[in-house]
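Note that subunit A is present in both complexes that follow, paired respectively with subunit B and with subunit C.
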Partner chain A sequence: MNQTVSIVILKVVMVSDQETCDGSLSLSDFRIAANAFTEKWNKFNSAFPEWYWIDCSNRLGFAAHGVVDGYLSLQNVFIRRSLEEEHDEGSSNDDDELFDDATLVQSTSDDGDQYHFHVVYSPSYKVPVLYFHAHSTDGQPLNLDEIEKNLPTKSAKVLLESKWTFITQEEHPYLNRPWYMLHPCGTNEWMKLLLLAGDNSMATNGTEQYFISWFSVVGQVFGLKLPFEMLKSIG
Partner chain B sequence: MAGNENGTVLQFAPFQSSVDEGFWHGLSSLKLNKLKTDESPISITGFYAPCSNPQVSSHLTLLTESLPTEPSDGHPAETSRGNRNKCSVPGILYNTNTLEGFHSLDKQGLLKAEAKKIWEDIRSGKAEEDSSVLTRFLLISFADLKKFNFYYWFAFPALVLDPPATLVDLRPASQWFTLEEAESVSACCNEWRMSSLTADVPFFLVSISSNSHATIRSLKDFKACQQDGHKILFAFYDPCHLPNNPGWPLRNFLAFISARWNIKKVQFLCYRENHGFADLGLSLVGEALVQPSQAWQDQQHVPNAVGWELNKGKRVPRCINLSTSMDPTRMAVSAADLNLKLMRWRALPSLDLSMLSSTKCLLLGAGTLGCQVARMLMAWGVRKITLVDSGKVAMSNPLRQSLYTLEDCLNGGDFKALAAAKSLRRIFPAVEAEGVVMAIPMPGHPVPSQEEHKVLDDCRHLHDLVESHDAIFLLTDTRESRWLPTLLCANANKLTITAALGFDSFLVMRHGAGPLTATDESKAEPVSSLSAGVDEMSLTQSDSKTRLGCYFCNDVVAPVDSTANRTLDQQCTVTRPGLAPIASALAVELLVGILHHPHGISAKAEFGNSLDGGSSEQPLGILPHQIRGALSQFSQMILVGHSSNSCTACCPTVVSEYRKRGLDFVLQAINHPTYLEDLTGLTELMKSANSFELDWDNETDYDDDCVEI
Partner chain C sequence: MKRGGKEAQQYVWDGAIPLQIHLHDSEVTTLPPPAPALILAPRIGYLPLLSPQLKPFFSGALPPGVDTVWFDYKGLPLKWHIPTGVLFDLLCAEPERPWNLTVHFRGYPGNVLIPCDGEDSVKWSYINSLKEAAYIIHGSSKNVMNMSQPDQVDLWRSVMNGKLETHTRISSKLKLGIVGDDFSAKLNPSPLKAQHSVDETEATAASKSSRIPVRLYLWSVDEDFDDLEEEPHFDSWDQISYINRPVEINGKGKYFTLLDAVKSILPEFYPNSLNTIKSEFKNEPGIEPEEERSTGQSNIIEETSVKSIETPSLSGQPVIKLLRIQGIEPKLEIPFSWVVKNLMNPDYFLHICLYIKAPKPLDT
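Moving on, here comes the complex of A and B:
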């Protein structure tokens, strides 16, 4: 029997430790990725307002040196309401205010709700988490049923019923008020699948790739689409 | 007052408000902690930015930081410095203590007062220094901190020009400027917006020289600009997105320009953005004619003002409810629900949460078992719990009975049932917990005739409690106290779970279906006439299957007074502390299993490795009949016990006797325990057993092979 000694050369791919291996992301990588994402979004995505990094390093009253503390915030995304017939032509009441020619009387067809999205890092799950909150124009917060009814795309419904996405309510870690969020317990599982399916050769942009891939899934639930130019611009 | 030959009346798009929830949270805590009943006005800061979306106008927003952080002694709070996305605007808040107070505020008076401030700032020149005062606003509110309703109404005071300003021309800025001018204007606007010194200054001048070079100057420099002879545009951050109307801030700006510099023909720039950069397609340039009113000559005169915000087209205040984020009880309920839903999503899609929350549970006994069962039920989302116990909380109880604390033991001790219900409500305010202080009548504890009336009442009460609940837990500390409840549950065919403790052993079991009601079992299998006939021979009832047994089915004696005539060490019932939590937890899990089982109370006994139980692959696992545990071995056994036709508690004879004679029967059973044995035929059974003698002693047949030792 021939004894062939085969030497297998293992090509060690230097992959930035965590994002591609187990579907998670480190805190410092989160910050870097968030920055890059914000820049690209604000550049390419004119249909939406801008993301801002809200720095919370000082919230405990002291700046913990070197510790990243903050979250990404996207405020005032306007999502139109599904049409409700409100023929409320009530007459304006007793007020003795002047009738003013110079005021434009607008129809109340500007019916929509404001959504706020925050991306917060979860240290226990080691993944980004999408928190969201919505209210109608008078400030009345929307509950989950109302939000689900007005989600812009059919695909959002599918995602809601899927294995991977579950909307729950938790205290916002920085604002200390209940916000809705997409529960992170499945995130690293589907991120693993997503990253394995994608092209992993771009080790240098692994972090950015992670964030964009992650957002492309969760953003879909709300119709927050990433423009093609943005996806192309990675790597 | 239609348009005249100078153009149409210039119509401004009203400002729109947007209040972030954080503002109301902040106001609530300010009111509770600092203001209390003080109704003096509060200086607040609003924020707005130029329009950045062609579909939607920018709003004037209030955030948590709109409220003063250190409202103190006379000093007005510092207007918090804004940034490019948040131009600060001063405002005033009148928050009332009552709804009536809110409705009876002198709205016109308040509006006039704010308008006067603006007018005075214009006249004095303050508006040149700090132009944000031109957009000063007013907010009235009432915060109902019990129901978390917030009533509020904004006013954006605008000085009324009389006659109104007219519009000569209005078009997109890109159409008004030449290409070179446009480029230059964009560039300097962007620069203005980038610099932190000027980014939040909402009113400015755009001065365009003859060689199309634009510069931005502050309002203060107007006279200098005039002298330069350049084209001057009066520019402002326009929150409005509409192509044919400028935004509200222009109103006071025009009043200012007219009053301050006596300009009649005003060229203005409605500055709007897209993505942080000047958008000259969205921005508008227009020309307006302003005629100063004669009345303005009078130093005392203050122009009229308009500006109350409309609510869906009507001049009424807005009201929002924030209990979902401020009412702790609602938040607790929502958190609990979501927690269970998470479990359903992750692990148990067939979990029926609405069934659990509507199942009414009756717990007989509020001791070590009762307290633990109640907590476990709440953890599963059960919301209706009734506890029955006649005792009071003793000093030794809190250690083992998890709903009580030392406080409940004082002054002789509170009634357990009531203390337990209170404790449940303290843990989870939305639970519907009730305590019933009542003793359970027991056989073998004869009732003196003067107390008969009370005992019968208790029986009736217990009967009603059983009828009105869906699941009953027998968690008392004696055998005989379980008799009447078992009978009542069998009679009413209710889900019944028994948990009983020894020193280091426990029993948790579910009782079988009641004997006399038509069960659903007959639907489960097609019953051939032959098997039906066979069944009828063994049972006297219409069941097509054997029922599972109850706690008493295996007993050959009726329950008697077990507490008397015991040795001292038998009388103090001690158990290893770990037993009660284990048994209680199993009891609750068993209930959840039954509730989810398609056959419910009639479900067959299932075993861990049975071939028979394999057909019902319930997501929660198997549904045993009895679990007996031995803590000394850390072991558990799954057993089954079938119903006995001579059972003193649940056999058809006893139940039909109860149905026939009611409380008389119960009283008889209580006073004469042998009555039950007679009735059920146990007496006969015992007699025949005793008469069967083994003739041991008559055998003298010794086997030769045996060797005597």
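Moving on, here comes the complex of A and C:
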């Protein structure tokens, strides 16, 4: 699983076109899934900072009825710069371990870098997009090189090989300032694969499953773990 | 005007804005200070691409240090990834010619602007934008990502040098054809299509996408301003909403106008137009009729707009104060597909600048 996922991020893998799922999510499903995800995360992962829905319905200067606009936010995650010797590359025992443990993610720390994560819907790509911003304890924003040092080795490798399609700095659609983001242009392709790999019981809680599967990949880039109870639902 | 020709597109590609660029006071180390630089900047271009011309011009006056070029207009740092023409249309409601900008070589405001390492950053920003457009149109960015290296280079050069023909030749390989609504297609049938039977034409149209890449820059006016000379002064980007939502041309046989497109992007302003857009533009609220526009009497317009009450949640209708694309203010009832085909930027996005007066919400 671990291997597959890395490869999927690395390259856009072609899959035969099946009508089961096109790897995208509609805007209304995004909101539903985001809410369900938040609820479960906050329930099963209570030691960790919580996800919040940031409402932007009135960002055009007034609150319009029937228009829900906003994004998910996870603030104040501390990630400690890992020591290089702790990694040993390529020794994935292809067990069912979903996550690379190299990076220590903590909810509170004095010596870690502070990360903020936002999940924003992209109407162009019809997928969720992970935006993030990082700064050190003294408040200085981190540059890409410094961020790389916080990432598990595998993510860092991918980053090096594909600088522009992987992590790029773009304007945060709601905050009007530069944030880093995991570029969404390949998301629907690897989501297609992920959802095909699982069983096809998409009918009941498909959108929720989509969101959890999606997060299991993008969260992994930062060593963010999903609680076991949530992983169960994606098989 | 030649029908179906590239005349309008050529105008867009040839469009340029006369700039008068001043070096920021804090970076002037010579007496007298350097004269401002006068440059004709292509509308479809990007500001950092001017730096090869500007650097030699100002380098003698600069303090020692590393150069990182950025621009501001009346103190507002300019986002370099927005095409120059769009910045001008958006920030200069009453066009100022030459447009007075300030250039900086030091003190890059990294908290407001995305870092820019010169041409390469601009190129990748363009390619990313193209990728996004391809995704919107096709549901996949593969054509752009798999472009050969020479094609990629040539395509980018065609943007830098304003060569429409080269751009058309290479971008045609990306197959980013945009399908209009049936109505417009019938108005302007291509010779190729005419040979097919009706059934076939419909089948092709149905299988193709009708999602249109649009970037909308919106200023929500809260007060009245009667003419654009009392234009707003933007000192922060927070005053402008950037809305990146594709337009879906929906409905068969309907005449889908520019106004329909605006409505579909802004359900906040046009709650009734969600999904069901009807194009009755006889008494269309929100349009400023041409005659009234030219007199500049916005009072009259608002009175007429307020009369038509359809929305349950908002009193009155939003009033479009200014809609500008590529320096022109097209009538809102013209077919959207024409607008897209002729006025889009080389990244296949239609960039729309919009000043809109929001309706007043009822008590909530």
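As a working rule, the second predicted complex is superposed on the first by the 167 of 235 C-alpha atoms of A that agree within 3 Å, B and C clash if a C-alpha of one lies under 4 Å from a C-alpha of the other, contacts with A are read in each partner's own complex, and residues count from 1 in each chain.
The rule is simple: a residue touches a chain if its C-beta (ideal position, glycine included) is under 8 Å from a C-beta of that chain, and two chains touch if they have at least 3 such contacts.
None of these values were measured; they are calculated from a predicted model.
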Dominant contact partner of subunit A by residue count, subunit C or subunit B: B
Contacts of A:Phe78 with subunit B and subunit C, given as first, second, both or neither: first
Partner chain(s) touched by A:Thr137 [first = subunit B, second = subunit C, both, neither]: first
First (subunit B), second (subunit C), both or neither touched by A:His183: both
First, second, both or neither for A:Asn42, with subunit B first and subunit C second: first
Touching partner for A:Tyr125 - first (subunit B), second (subunit C), both, neither: second
Which of subunit B and subunit C A:Asp22 touches, first, second, both or neither: second
Subunit B versus subunit C as contact partner of A:Pro173, first or second or both or neither: second
Doubly contacted residues of subunit A, that is, touched by subunit B and again by subunit C: 141, 168-169, 177-178, 183, 185
Footprint of subunit C on subunit A - complex, ascending: 12, 22, 24, 59-67, 69, 123-125, 141, 164-165, 168-171, 173, 176-178, 183, 185, 188
Contacting residues of subunit C [partner subunit A, same complex]: 79, 81, 110-115, 124, 128, 131-132, 135-136, 139, 141-142, 145, 213, 218, 220, 222, 237-238, 241-242, 244-246, 266-269, 271, 274, 312-314, 358, 360-361, 364
Complex interface listing, subunit A residues touching subunit B: 42, 46, 49-50, 52, 78, 86, 88-90, 92-93, 95-98, 100-104, 106-108, 110, 112, 114, 133, 135, 137-141, 143, 166, 168-169, 175, 177-178, 183, 185
Complex interface listing, subunit B residues touching subunit A: 1, 9-14, 16, 18-22, 24-25, 52-53, 55-57, 85, 107-108, 111, 150, 158, 160-161, 164-165, 242, 245, 251, 274-276, 304, 306, 308, 310-316, 318, 320-322, 324-325, 331, 334-335, 338, 341-342, 345-346
